[in-house]
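Labels for the chains are A, B, C and D, by order of writing; each one numbers its residues from 1.
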Amino acid sequence: MTKVCLVIGAGAGIGGNVGKRFALEGYHTVLCRRSDEEGLQKLVADIEESGGKATGYLLDATKENAIEERVAQVEAEIGPIEVVLFNLGAQVGNRALGDTSYKVFELGWRMATFALFRLASAVCPLMEERGHGTILVTSATAAVRGNAGQHSHAAAMGGRRMLCQSLNAEFAPKGIHIAHILIDGAVDAPDTLGKMLGEEAFQQLREARGQEHDGLMLPEKMAETYFHVSQQHRSAWTHELDLRAFSDLAWWNHAP
Amino acid sequence: MTKVCLVIGAGAGIGGNVGKRFALEGYHTVLCRRSDEEGLQKLVADIEESGGKATGYLLDATKENAIEERVAQVEAEIGPIEVVLFNLGAQVGNRALGDTSYKVFELGWRMATFALFRLASAVCPLMEERGHGTILVTSATAAVRGNAGQHSHAAAMGGRRMLCQSLNAEFAPKGIHIAHILIDGAVDAPDTLGKMLGEEAFQQLREARGQEHDGLMLPEKMAETYFHVSQQHRSAWTHELDLRAFSDLAWWNHAP
Amino acid sequence: MTKVCLVIGAGAGIGGNVGKRFALEGYHTVLCRRSDEEGLQKLVADIEESGGKATGYLLDATKENAIEERVAQVEAEIGPIEVVLFNLGAQVGNRALGDTSYKVFELGWRMATFALFRLASAVCPLMEERGHGTILVTSATAAVRGNAGQHSHAAAMGGRRMLCQSLNAEFAPKGIHIAHILIDGAVDAPDTLGKMLGEEAFQQLREARGQEHDGLMLPEKMAETYFHVSQQHRSAWTHELDLRAFSDLAWWNHAP
Amino acid sequence: MTKVCLVIGAGAGIGGNVGKRFALEGYHTVLCRRSDEEGLQKLVADIEESGGKATGYLLDATKENAIEERVAQVEAEIGPIEVVLFNLGAQVGNRALGDTSYKVFELGWRMATFALFRLASAVCPLMEERGHGTILVTSATAAVRGNAGQHSHAAAMGGRRMLCQSLNAEFAPKGIHIAHILIDGAVDAPDTLGKMLGEEAFQQLREARGQEHDGLMLPEKMAETYFHVSQQHRSAWTHELDLRAFSDLAWWNHAP
């Protein structure tokens, strides 16, 4: 039976590119995203044209049972989930405390922390029974330091990181590899950064820092590291790593 | 008008003792706890017998508007909240992932992360208008490392710490001192450790490690540091510190 | 016999002010600094005029046996060292790798790391025999993150912090309290910041950020926290804490 | 001209295996180790038998100019150093403070911190001129937490990590990739762990935790990750990552 790579949060950036990378290696890639049926089908078509296998679903991760039922259906109908990428962001832009409603704060947690807990609750028993499996978690600088305007995002991502460590402590000895991948910089991703900035500003940023400057993180290059981590031998697993563009300051460095 | 020290989570351990310490310095201490009216009134009586001012309320922090209304009432009827201690724990004991229900996971977040967000949303605008104020946050080892069985607790506390850093980044320049106090060990507290262990085991632990051995953290001694932090001059504020018994291993050290 | 507070690095900033604070509480303060006999005698005179006891010595901490002999002489002639403040800095300004000679790099380590190791080797056996003692270590942001131009400083301070944790692991259970105090900002100290910037720039900084703005850390206020930490009950010791001005960004925060 | 991979610390564990991995990809691997000419020539022969290129040198990294001259000679006679692995350990076993001589403490720094500074001083200008290069640094748990008996090791490794961050801040924007690889567990390496434990205990450990249990880190598997990191696209570099066996506790977790 085909090995499955399930992607929760499969936009045109990290999620889609990691999906493509695993498809290239023979995984049946199951791509899930909240909206944009057209974009989703384009990803599926891209993979199929390259000779890979892919299936796409719209999935609202905050909806009751949406993750749980998708996991069950994929396992029943497509194949065992060998790798899952949890790639949901929860960035709501910079908002002062007074502009951060309870609803926004809770939504951050539902997307960034609770959805991972639900996913882990669904896949870990399956992976544990098989004795192996990989959970790749995209994370953000906000997981390791709070900042002004980041109340919702930082609390949600800080929770995500500590949850990854707890999952690792319980499940690594059972053969499940959990990796917390800290993305410390701007990704050249039209679906997220592009939408946040608007088309024009995004293109300006691409010209100034991206393209031949390599100052924006290229998701197809990041995907190489996601794939590598999933293939590490169990005697030498990475639990935490960071990724940033060579020309960018690390989060702990101020500009001179 | 009397300065108020508001304590959210005023049991017989840290909360009650920090309350007493501030009362001793002339603060009107407002003690809030979820249950045990008798224990609450004993704390109030103890403070009043020592010549201090105290008021006690039962408060279920997870209930809608409970924190917000208490803050408003205290400000209107007792005095300006100069210091608030957020002292709610969210330890649910060691539970494997399979034994951690969605409800338990969410409750951890509601107690440990969201309740602090709500409290901050209520008091920060008041403190900002006055140009000063202090938010003391009791935290736990789980805020800096996950561990097996700690899925709910670590995710909630990790969120708490990142929220404290975000609040600090926005509000320290406005005169509000936020301190994240990491309690890295067992506290000699009958209401929490005592209940978790049961009376007999708690007394055994006290005899083995507590009392003249000073291997359990004494809340009346911890209260000295809470008070000191609240009195730091604004040119020299502490945002993060740890507390542990001299004979205990730091969280990052294994037994040899 | 008088309790002694020994200060290694007693300029007009943190060292001198912590010395004064302990003298005020009845400690015989022994002030050691590398140079400026006049400044040293002024500190001694200030303390004596306030009714305290103080002795001053010039001490080149990088010189063989200088620390070791001073410790022995103080213990023999003045009294038991109850508290020692290790306050040597090793900031050499921003220097690119190509401008950082082997000599400079080694000197950073000799001042910031090795001198603390030598001091600990001298005082720990004495404190261990008495069953108590306190080692306060002034540290810097460079202990927790490297930065451009900080090759010597960061390596030396990173070593200092790990050494503090190692000392804590061995000696805390023996009653010796070691505290790593991370100074995350500019101190209003004429002997260090003043000399680094030059008189004119220092006065401009004071006018812009210091004085009534409280944006420079005031060493006499910082001294309150140093003193508090030394007095913590052994059931509730702090091993690591940070200090910064309320209006300053924490090291982990970028400017917006 | 052949690309060179220079290995400082090329025993039969990580160093030798990383060397083999790069040789397999066409790098001329230059292996340097302090002693055991026979072991060194065996490594060289192994690589040559597999069709790779290798040269071996005995090198005492603590000796004046030894590193600097080797770098110059390799660049002049073999080829440009594209990748350098700094793999010197500085573990001296568990030693109480009283058993840690000044000489041992200084040697730890000379091996673990200063030798890396010297190596970086020698290769960074060359790599900067070429606009690219990779410095892989093997590090240890002691770089992020001190522990009893680890005074020398932790101080040296803490300095190493902060130096890596400083080098990264200055040289990443110039195209030099510096990676700090934290080895958090026991490596199945006869030259280091084997010698530390003695032959018999090492074989017992191998039977209990290694071999089919995969509880000892296999250096040939670790080498895959070292190689991957060196090949990351410059828009997505990792600066810090950890490696441990799946069945081992992370350094931040105590046994339950």
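We adopt the following convention: a residue touches a chain if its C-beta (ideal position, glycine included) is under 8 Å from a C-beta of that chain, and two chains touch if they have at least 3 such contacts.
Keep in mind that this is a model prediction, so the values were computed, not measured.
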Shared touching chains for chain A and chain C? B, D
More than half overlap in residue numbers between the two sides of the chain A-chain D interface, or less? Answer same or different. same
Counting only Cα atoms for the centres, state how far chain B is from chain D in Å. 44
Quick one: chain A and chain B, Cα centre-to-centre, how many Å? 34
Two or more other chains in contact with one residue: find those residues in chain A. 145, 147-149, 165, 168-169, 249, 252-253
So in the complex, which bits of chain D are touching chain B? 94, 144-145, 147-149, 249, 251-256
Using the touch rule from the top, collect the residues of chain D that touch chain A in their complex. 165, 168-169, 172-173, 175, 177, 188, 214-218, 221-222, 224-225, 228, 231-247, 249-250, 252-253
Listed in rising order, chain A residues that touch chain B in their complex are 96-98, 100, 102, 105-106, 109, 113-114, 117-118, 120-121, 124-125, 142-143, 145-151, 154-171
